[in-house]
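Quick one: structure below, then a few questions.
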Amino acid sequence: MCLAAPAQIVRIEEGGWLAEVESFGNRRSVGLTLVPEAKVGDYVIVHAGFAVEIIDEEAAKISLATWEELLCSTK
Amino acid sequence: MKQEQVLLAHGDGGQLTHQLVQELFLRYFNFPALQALTDAALLPPPAGRLAVTTDSFVVQPLFFPGGDIGTLAVAGTVNDLAVSGAKPMYLTAGFILEEGLLLVDLERVVASMAETARDAGVAIVAGDTKVVERGRGDGLYINTAGIGVVLPDLDGEGASLDGSRIGEGDAVLISGTLGDHGLTIMAQRAGIAFDTPVQSDCAPLSSLIAALQENCLGQVKWMRDPTRGGVATTLKEIAEVTAKDIVIDEQALPVRDAVADGAAILGLDPLYLANEGKVLVIVAPEARDAALAALQAHPLGREAACIGHVSGGSGQVYLKTPLGGHRILNRLMGESLPRIC
Amino acid sequence: MLDEIIKPLRDPVRGRQMLAEIQARWHTLAARRGRPIVLMEFCGTHTVALARTGIRSLLLPEVELKSGPGCPVCVTDARDLDRAIALASVPGVTVATFGDLLRVPGSRGSLQEARAQGADVQVVASPLDALQLAIAHRERQVVFLAAGFETTAPATAVTVQAAARQGVENFFVYSLHKMTPPGLRAVLGDREIGIDGVILPGHVSLIVGRQAWDFVAEEHQLPGVVAGFEPVELLAALGLMALHWDEEPQILNAYERVVRERGNGAAQQALAESFVPVDAHWRGLGLLPGSGLALAERYRQWDAVVQFADCWRDLEPPKPIAGCRCGDVLRGVCTPLDCRLFGQGCSPATPVGPCMVSQEGTCAAYARFAVAK
Amino acid sequence: MKQEQVLLAHGDGGQLTHQLVQELFLRYFNFPALQALTDAALLPPPAGRLAVTTDSFVVQPLFFPGGDIGTLAVAGTVNDLAVSGAKPMYLTAGFILEEGLLLVDLERVVASMAETARDAGVAIVAGDTKVVERGRGDGLYINTAGIGVVLPDLDGEGASLDGSRIGEGDAVLISGTLGDHGLTIMAQRAGIAFDTPVQSDCAPLSSLIAALQENCLGQVKWMRDPTRGGVATTLKEIAEVTAKDIVIDEQALPVRDAVADGAAILGLDPLYLANEGKVLVIVAPEARDAALAALQAHPLGREAACIGHVSGGSGQVYLKTPLGGHRILNRLMGESLPRIC
Amino acid sequence: MLDEIIKPLRDPVRGRQMLAEIQARWHTLAARRGRPIVLMEFCGTHTVALARTGIRSLLLPEVELKSGPGCPVCVTDARDLDRAIALASVPGVTVATFGDLLRVPGSRGSLQEARAQGADVQVVASPLDALQLAIAHRERQVVFLAAGFETTAPATAVTVQAAARQGVENFFVYSLHKMTPPGLRAVLGDREIGIDGVILPGHVSLIVGRQAWDFVAEEHQLPGVVAGFEPVELLAALGLMALHWDEEPQILNAYERVVRERGNGAAQQALAESFVPVDAHWRGLGLLPGSGLALAERYRQWDAVVQFADCWRDLEPPKPIAGCRCGDVLRGVCTPLDCRLFGQGCSPATPVGPCMVSQEGTCAAYARFAVAK
Amino acid sequence: MCLAAPAQIVRIEEGGWLAEVESFGNRRSVGLTLVPEAKVGDYVIVHAGFAVEIIDEEAAKISLATWEELLCSTK
């Protein structure tokens, strides 16, 4: 029920409340309050104008590997 | 002009209207029959059937990456003529100005119209200006009506483009990427604005379509510019008219990454975003490759693709998903509002 | 590059491989069970994604995917909409809200229709934009109509804090925020429905954490999986659930790249500071104890529910919408196809019930992504 | 239609647009090329020179004694073609609807357009609908563009109507009373409204003008419909074009008592009030009586009068007052605002 | 029937007969004097009527008709317009006024231009309409910008009384009302101008009475005539003045059908109740003692000059309009033809000074009804 | 400087504050406060939405006669 899209932090405003994020060339300003530990270069999930979580790139890779392992076996 | 802004008096048909016409419109639109300022322009008898169309343009913002309301007003009407198989010849231009519009903005738009008309090889032959009170317009609305001529060599036996010749197996082509204009405009809207590298695709397609027709004489069965409502709505309409199904391959749809991402941000679907410089074409299967080549050889058609085919059926449009599923595409339903959930 | 994260999750080759495997596994499980297996996806975005990718139809008949009440727009009570419309019609008041809410019918029309009659309704993409609107128009009272589940509520929480910090006196929040665990609890507690497992909302989960759903396994003895939204992620979630089908019910996480065990602490803290749980009316589900979020007492000055109570004092209570089975659809008791208005008077262009309004509403998803026969 | 009001979604090109077109516009406008809903209407090759014109209509109120915006939108464009010597044939219609417009009001307007088009013998061959947000329109704006054909028998040698044949001594005729439309509209305006027995004169003049041309073949030198800016502004424009003077006799001007009185109430001058069913005609002196008789024989020209003549000069318009004084008439200057002092 | 009263006054046959007689009489008088006789018509409506009927040109060269400052729009001070514009630009405030005032330039544009920039300016035909506007839009503050001489001021007087009686709290009056005798006194007291007689304003006179002008004869030793506005009435006034030319200066009444000796008592009483005389700035004439009408203390609550004083606290004082000779035109020191901007940058469509704005402004009357050479 | 037009009173509203007046078929509502003695049938001068004076028909006739006497004599 909650549309959210991934984007990368390219700049954090002074004060740390706002960040500029980028996704496939699209740039927008989002609130950073909900992910205080985020830093430039991080990928985040954006919803309703706020970054709501940081994407764990490592976990993404592991998941994918696991799924291939477990679920592409019939091939 | 002394005034910097449009006043109501610019539309009362008196002195200020006269000045606006003389000092602005006639400076850019220099067709003799228009300059005469008669009630109607008199034009030589045309050499074939007439094609006639009209559209009003109410886009906001007036200026956007890739064009402005003036480009759009000319290109939109030119394209409706071109996709009807006609050579666009003449346009009329009706301006509805909102009190307070900056005259420099009006001039920019008028200059765009003149330039786009020149590119498209059409003349603006008649015009009108009205001014409405502030709060009863939106800066500037433009209506254009277009007159084209179906030249006899494009108008041979059986060359009707109304969709009646569409048959099973025909190929569905698009001249380029989906949704660039719609996404550009949505990204500019107050309340939801974001920066995007996407630009409107708005452009007159007359030369692209002329090139296509030359290369596929008589084999183009149907054309349409997928504007409001996007590719999905346009395909649904022709599917209903023909009572045949159209099957589109989702993976074949040319969509820029930034458009796909921008659409995801807004909760929209590129299949329903407006295009202003694209043409959907249905051709006989044997003409598919030639048509695609003709489109791709033109600067405005480089990203042309074959996106599907016509099959027997009952007027449905199916989208084949990458996983092999099918879903039905209907008309756009309800205003496209950006969503967050 | 985002590409490296996202593109593999959309890879059709990998997707089709996984699909084949998963179809086979569910085929086996359903055959063993002697009937189709019924899973509920709670989340409206899942409803849409399963339809859009074709997965819903590709799993039939072995797996029936039922939609739950996971669209915050659909579960918004008609009474709240009637109030929002009353508010937007007051001269000097602007109601700012997400685009989704504009077309939801209250009992006397929608915000969209009210706007056509002159009410001031503005679409925003973020509560921060509504706050900006208030700052730019000090002469107006700007009410942010705040709908959404736990994913959205923290944004509102932080925004009201900012309004207070900046002393913006013409900004107000009408909170329609709801919490999903009580919603799911209500659905699962209902004896009318028979489901075998639950696909849990990915973006709510990144706020509340995977463990927030353990009650599904522990109290209802149902397996669950937290799923993402890309085609490969959806397939993975369905695949993992099938793999673990024979084990003790548990809540799996197939969206580990963003969903942590305990969720987002900062967001949970923001919620705790700005809101208090209250009983809330869910359309179709009724009054669910502790399922709503009202502004905390310290933000009373910004609470439209308190400050504008006069505007709806004389509103009549909403009447049910004749013939609409949204309530049953939201509880998973029936599918939209069972509603006699579906496609016959109720369509996305002319929605009768709220489930037809949001693109994530179950009825809308059925209508838009109508499965090819 | 289920909705009672126009919503933004009626203009998005999707399902509601489709319904509006099918269930309203096509019900009233039943020209085959329009019903085909192609991008452009295809029409048979015309038998002479084309006349092309456009006007937008932004009148308030939408409905007024004697007509409505729909009558006006058709009559106005038909008249611009007719005064250009053309037989009006085809119209396009572009609608800009404001969110919240009542659909019953739209239907009334569309019905008026259909009826007026029938009266005038023209077909509405192409259309477009846009919807703008509430507060960015005024209920309904209509643009019409018109195409006429200058039939060879009206188009003989030297029959140009652009004013170039005007000479000293030519007679200036008007087909009826001044200012009826303008006064009717002003009397309806919020803030200054009063009840008046005056009705708008809006009407298509194609048959009146055809009758005039038949009776005075080749002797009509110029025609124009004195709309915005009124008779004074229209005469000033042709005087400037010809660089001759025009002398008008104030006592010869047909003005209804109620129009004169209403204009006095508002502080306005009937010479500057708009007309929507009148034609100013300049004819050779020897054709004056025949022209007047032809006009007066037609139901729309009963109160036609000869109001002045052309004399040598430099592009001025003089009004001879009943006392024998002269004053100069210029273009309307500045918005017509009702005044109290 | 009105016809019976009005039509004889417009009868061209009678008019031409009178004209011949009157031309002859003035011819004789001017010849005797050895120079043209200079009359001033104080009233702008007379300026227009004399031009429109051609009488002005038909009396030349024996009689030169000079225009006085008798257009209330033209004499409105730029400072007042700047304030009105400031007021109209305040969110929530509507300025309602007569159409005439919209195009008058202040020192930073006109109300018309302010409206184009978003200010809320409404045209009304009566102060009662402005009051109705306030009643219909209780959420707005409606300020009636009240311009006009004694003819118009009683309407404002009665309207503010009605507002008070009905307790309409969102209605205000910004009074620009001025009294004509002080204006005429200022003109006649000026040594620069040489005039031989005065045509007195007909509609002001029906309020103030014929006798209000006796000072012209008594103090300034000039003959005067109160005139109506129909062609025959204008001619009669000029004729009567010529007939009595050789007598002791006196104030004749050629508009007896409506102008009484002492004027309209009810109207005078309304003025006395609602207003108090104050010094007022007249454009071109400067500050004239006791020539303005301010709302009386008891209507303070409805007095925009008091209630909105904050809105113009920071306004800079107006700058004079470069090149414009309106001041001289208003005092009759020169005619518009003597202004080098006349027709060269200053025209009714693009007015530079206030005398070009109102149709009754002298410059506008000259431009509109330009006399055929 | 004050545009004003004649009209005939055709109806007086209850209370006597407002009247409907007519001139050549045009009808409007005007304030009557400034001519409290006016009655139905009277001709009045209307300015800014108010009747500001009653036309004295007798005086009108006399004036006209006087003027013809004095000023049309050359004929």
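As written, the chain order gives the labels A, B, C, D, E and F, with residue 1 at the start of each chain.
In this text, a contact is a pair of C-beta atoms (placed from the backbone, for glycine too) under 8 Å apart; a residue touches a chain by one contact, two chains touch by 3 or more.
Here the structure is a predicted model, which is why all the values come from computation and not from measurement.
Touch-path distance (fewest steps) from chain A to chain D is 2.
Of all chains in the assembly, those touching chain D and also chain F are E.
The pair of chains sharing the greatest count of C-beta contacts is B-D.
In this assembly, the chain whose C-alpha centre lies farthest from chain C is F.
Ranking all chains by how far their C-alpha centres lie from the centre of chain D, first place goes to A.
Residue numbering shows that chain B and chain D use the same positions for more than half of their mutual interface. Taking the mean of the C-alpha atoms as each chain's centre, chain A and chain B sit 37 Å apart. Per-chain CA centroids place chain C at a distance of 56 Å from chain D.
If each chain is reduced to the centroid of its CA atoms, chain B and chain D end up 31 Å from each other.
Multi-chain contact residues, meaning those touching two or more other chains, occur in chain E at positions 44-45, 71-72, 98, 112, 125-126, 129, 148-149, 151-152, 235, 347-349, 360. Counting partner chains per residue, chain A shows two or more touched chains at residues 1-3, 23-24, 47-48. Residue positions 7-9, 14-16, 133, 257, 267, 330-331, 333-335, 339-341 of chain B each touch two or more of the other chains. Touching pairs of chains, sorted by label, consist of A-B, A-C, B-C, B-D, B-E, C-D, C-E, D-E, D-F, E-F. In the complex of the two chains, the chain B residues touching chain C come out as 191-192, 251, 257, 266-267, 316, 318, 321-328, 330-331, 333-335, 337-341. Of all residues in chain C, those touching chain E in their complex are 91-92, 137, 139. Every residue of chain E that touches chain D in the complex is listed here, in rising order: 3, 10, 12, 15-16, 19, 44-45, 51-58, 71-73, 96, 98-100, 102-103, 112, 122-126, 129, 133, 147-149, 151-152, 231, 235, 347-349, 351, 358-360, 367-372.
Residues 7-9, 11-18, 36-58, 79-81, 83-84, 86, 90, 92-96, 125-128, 130, 132-133, 135-138, 141, 143, 145-148, 150, 161-162, 224-225, 227-229, 233, 237, 272, 274, 330-336 of chain D touch chain B in their complex. Of all residues in chain D, only 187, 194-198, 257-258, 260-262, 264-265, 267, 339-341 touch chain F in the complex they form.
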